[in-house]
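Have a look at these structures, which come just after this line.
Two complexes are shown next, each including chain A; its partner changes from chain B in the first to chain C in the second.
Up next, the complex of A and B:
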């Protein structure tokens, strides 16, 4: 039994005619729905990628190193409290890595070297491009030092130096060398034996450093946490980074932030080009979809001349017949758009997994937006064909045969 | 005495050099049953298009229910057609994706308000109550034409206008349709039918013969008009 239409329901009759036309003529309209669905798939997929690219690409660019260097003013140092303030200000969501560095001059075999105390786990996040022979951890030495001292992974070496706040005293002439060393060790100096866990190769200045845990270094030199610099890797474009620098300067006056422009500008250039590409493809897809809908609707109006003429003969005004055809367009746009949203997400997900190796989040707001856009496109593309209704004369079209 | 429902005064229709209708004068009373006959090209369809508000005359006036429709614009003609005319077509012209009852309701929808119970009643009057939820493709030609008649009647038009309504029907269905016309005539409906079929033309109360756009004969068939409800045409066919 067919669905009953209640008395007095013009809207229901309208919906019945519009949906009946689509459902019972589905085979004719499947091409139009497919065209709209494909258009919506590409559009929603590209928009999903478009919104996800800055996040994804930002993280990719973070593998090229820190993009924000935070220094203290003058000879001051950065305390743990200030660093925590900085972390809170940036927000943990945006931080890929945040590594404080404390540089201390030490001696190995009476030759001066610099030991960089840091949070090694954070440094690893900031510097995924470092090549490590052995493994990340306490203590790593640069390739240059390893070659000079002929050290390999697993070897041990002893570092010596003056404790924080102490002055190195000259050897007393009346004491033997052994007695002088004992005297220094006891009062001002430190010495500790380390095992090489990894050898760092970067092709840069890092190869001349010893990397150790900052807390261990503090304990070794007899001081509390005092960082010379904090290297941050943050998910942000050039503008966001610039704004962040201003906020840091205003809210934490002890610090002077410096964005690494080379990295952020490269990131922005790549992002800008990708966004332009997405925009161009989107416009092309929309135009192709409109052409497809226009062609389908033109064919539909031509094919249904008799039906349209009949409706006009029964007393339907042009605008009423046009509203029915546009209603069909709206329904086509709705179905195609709805299909496209979900297929588009699947498309974007596959692209993201293949290109960036990570999943993306479904943008719920895309559902109404895509559907609305494709309804608008379908209606827009239908206007010219549907206006041809006005040229249909019932007396001519319905003439007896 | 019956009131005049339609009056054509010196109506002509000219297409370029062709005069499809030439100075036609015709008067129809409410409740009359007219058949308009004539050879192809005699102007039958042009005349019915003008009466049915789907065309306008080049000259002359057409008074429908007291209103001169000859000078009305397209929008007004649409409104008048919707309110006063019920159309029956040779090709039935049912909407393929709507059921029989929905096809009847379409006319209600364009006129005022769809009412399924009224539409079902109209179908019942033409003997199709049990076929109400069938699509046109599931109906025979005769059944489709009866749906077309139910659709034409649903808004209680002042004139039922048929352009070759039996032209695509076999004899049995032709008889059924003519019987429906007869019943409608008995109920007081004004019927104007264009037909090629002399047997259908002969059962009308009055027969107009057109030739080259002119009325050459206006025959009152009241004397031979079969008053008894029934099988006039079928008997003739036999």
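Up next, the complex of A and C:
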């Protein structure tokens, strides 16, 4: 019983000494907590960024466009049902854009052109690099066509063609031009007037297409949804993509997926370098930060040699002094570390919003890790300089020098 | 006397001064390294992004892109306009010639293979070694523009006129293996080639045959002609000026035109290419050019923010340590005050000490930081990072203010110091 009271009062005394020494030196305390908090902010901020970079940058790389092209086998077409299966198989989280394309030959002023029916909103996500004069929408024409036909935004043009499953009939020589034109407008043919909403410049093959809404195109040619190809832009590296390809082949046998090597290979190379860059920068910054927190703490503890010597002279054991310092270190590390975790997350969040325009996930595991790391640093920084004092005779230290 | 005291302090308090110097070294080396990396990262990443291939294509001004559309319009007369092979090397002579990293001329055609079916061929410089009129040596070719190709067998060499490479789809459909011989015929020209390699492009090229430009020209009977040139150039991401210029360079004011012409915008480089390639129209491949800009801007911004964070961090750490170590010396400074020193004298003393220490640490830290930057450059990009002189100025200005600000709380504390209290020890 008596023993219990003794330990109880001892514990109270210990707490009093730890908190007392912290409160008494308020200004120094602020400095110490600040030092630790800065370190912890940098640690948690950089680690959060490091973990988030692959995902965020990976999405940025999607600005290069579709990295997976899905084709049907042979002359078959892709139905809407198969496309929905594909979408479910890949999972909507990974898909940046998924645009079906249906190509149809049409005539404008009796010259052949190709009209590509697609889901225009998805195509926009797939190909953010298209430069559109005017705006995205139904109908857009390629720069080449615009130049050839001398069309600008707002102009109209008429496309003509043969409906799905019908045969075109050649103009007959024995009929007049007017009669031929009438024949062209018969049931197997279609003609529709469009207004140019935008002109597409890409520097590539797209400049020779007319882009229209796929449902409209289906309606125009009198057919249901049948895509020639599906372009997908998926957040994945080369390995994930090839795994996805074999899954698609196995589970949807009517499709033939092909990863666009040029994009997947190159993305792996560049993203690998960028990851390495952020990693090495993180490591260098962290090492330097840790050392500088350590030196600050050391400087602060070293000044307390006198106080420790006094305690020893009053009869405190080495163990007691050590445990007191330890307690202080833990408390400081905890407060500074906890403060830093949240400041660091705030910083990483700002970076992410500024750079990528997206919020990041909070890494809960960083809380204990950061706090533990900084408790370790403060404890280490408190104990090592004081260890030397322990063996010295109190009188010498108290006398000064 | 003043300098005497300072020297004494520096020697007597060397462990504390060393501590400050050490923190300054760490902080300055961190900022120096990060700033150098930040300033160099754009260029490095830009070079890395070259793996995506050409960002500019040059064609004859009358050749339409229509031929690209699944080969549908071939034979309609769109392909009969050509550029001249002898213009190709002039690319390096333009104002931004140094920024043109790789290029390759391409001659497209269709020939009869093994007397049975039509196949698309692509004549090019697989690898090219040339000495320019300026004496500069140049190594380029399609190989550098097709880094993503997976080649079984070997790449064509510069003068492999008897060899070809075939695309993977063409090879698997016709059971062609490396070492096989194939006959290609066009009109009166016929030649037997050996397959040196099979490439997997993952795109349209997989059903084509790749050969040297001279054999393609001989086969197509188009000597000295090329259909297009692929160019990979280091460019600056577009801004409003570049967009305005891309629409019409003549709409710019003379000053704007000069700025635009002398900046490596993709539109400016295209404009200059057109000046040297007869009848050529250079167009940016937006898929590559535009995306490059996006990635480059994001990476640079990211590095800027990380640099700012670490610089603020090290600035705070230095200033913190200075505050701590000056407060520690209150006893000594109290004694000075008791002996009749003025406040400003003590403040000046403290500042001078800290500044000398900071300067020493800063110089060492700067060189250490350059070392760090090179470590980063070598590990990540395998090349040296250029040292920006601007960093010296930025870092020294920051360091000056950091030490000053770090000393302010300490100096204010000294002002209120009562010598007796301090000397008595609390």
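By our rule, the second predicted complex is superposed on the first by the 261 of 401 C-alpha atoms of A that agree within 3 Å, B and C clash if a C-alpha of one lies under 4 Å from a C-alpha of the other, contacts with A are read in each partner's own complex, and residues count from 1 in each chain.
Note that in this section a residue touches a chain if its C-beta (ideal position, glycine included) is under 8 Å from a C-beta of that chain, and two chains touch if they have at least 3 such contacts.
All values derive from a computational prediction rather than experimental measurement.
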item: Chain C versus chain B, contacts on chain A by residue; value: C
item: Partner chain in contact with A:253 - chain B first, chain C second, else both or neither; value: neither
item: Touched partner set for A:368, first chain B, second chain C, both or neither; value: neither
item: Partner chain(s) touched by A:91 [first = chain B, second = chain C, both, neither]; value: neither
item: Complex contacts: residues of chain C adjacent to chain A; value: 16, 19, 22-23, 26-27, 29-30, 33-34, 37, 41, 45, 48-49, 51-53, 57, 64-66, 68-69, 72-73, 147-150, 200-203, 283-291, 294-295, 298-299, 301-303, 305-306, 309-310, 313-314, 316-318, 320-321, 323-325, 327-328, 372, 375-376, 379-381, 409, 413
item: Residue numbers on chain A that touch chain B, as the complex places them; value: 1-2, 4-10, 12-14, 16-17, 20-21, 23-25, 306-307, 310-317, 320, 393-395, 398-401
item: Interfacial residue positions of chain A with respect to chain C in the complex; value: 27-28, 31, 34-35, 38-39, 41-42, 45-46, 49, 53, 57, 60-61, 63-65, 112, 114, 127-131, 144, 148, 201-205, 207-209, 258-266, 269-270, 273-274, 276-278, 280-281, 284-285, 288-289, 291-293, 295-296, 298-300, 303, 347, 350-351, 354-356
item: Touch list for chain B against partner chain A, complex; value: 45, 49, 52, 54-55, 75, 78-79, 81-83, 87, 89-91, 93, 95-99, 101-102, 105-107, 109-111, 113-117, 133, 135, 151, 163-164, 167
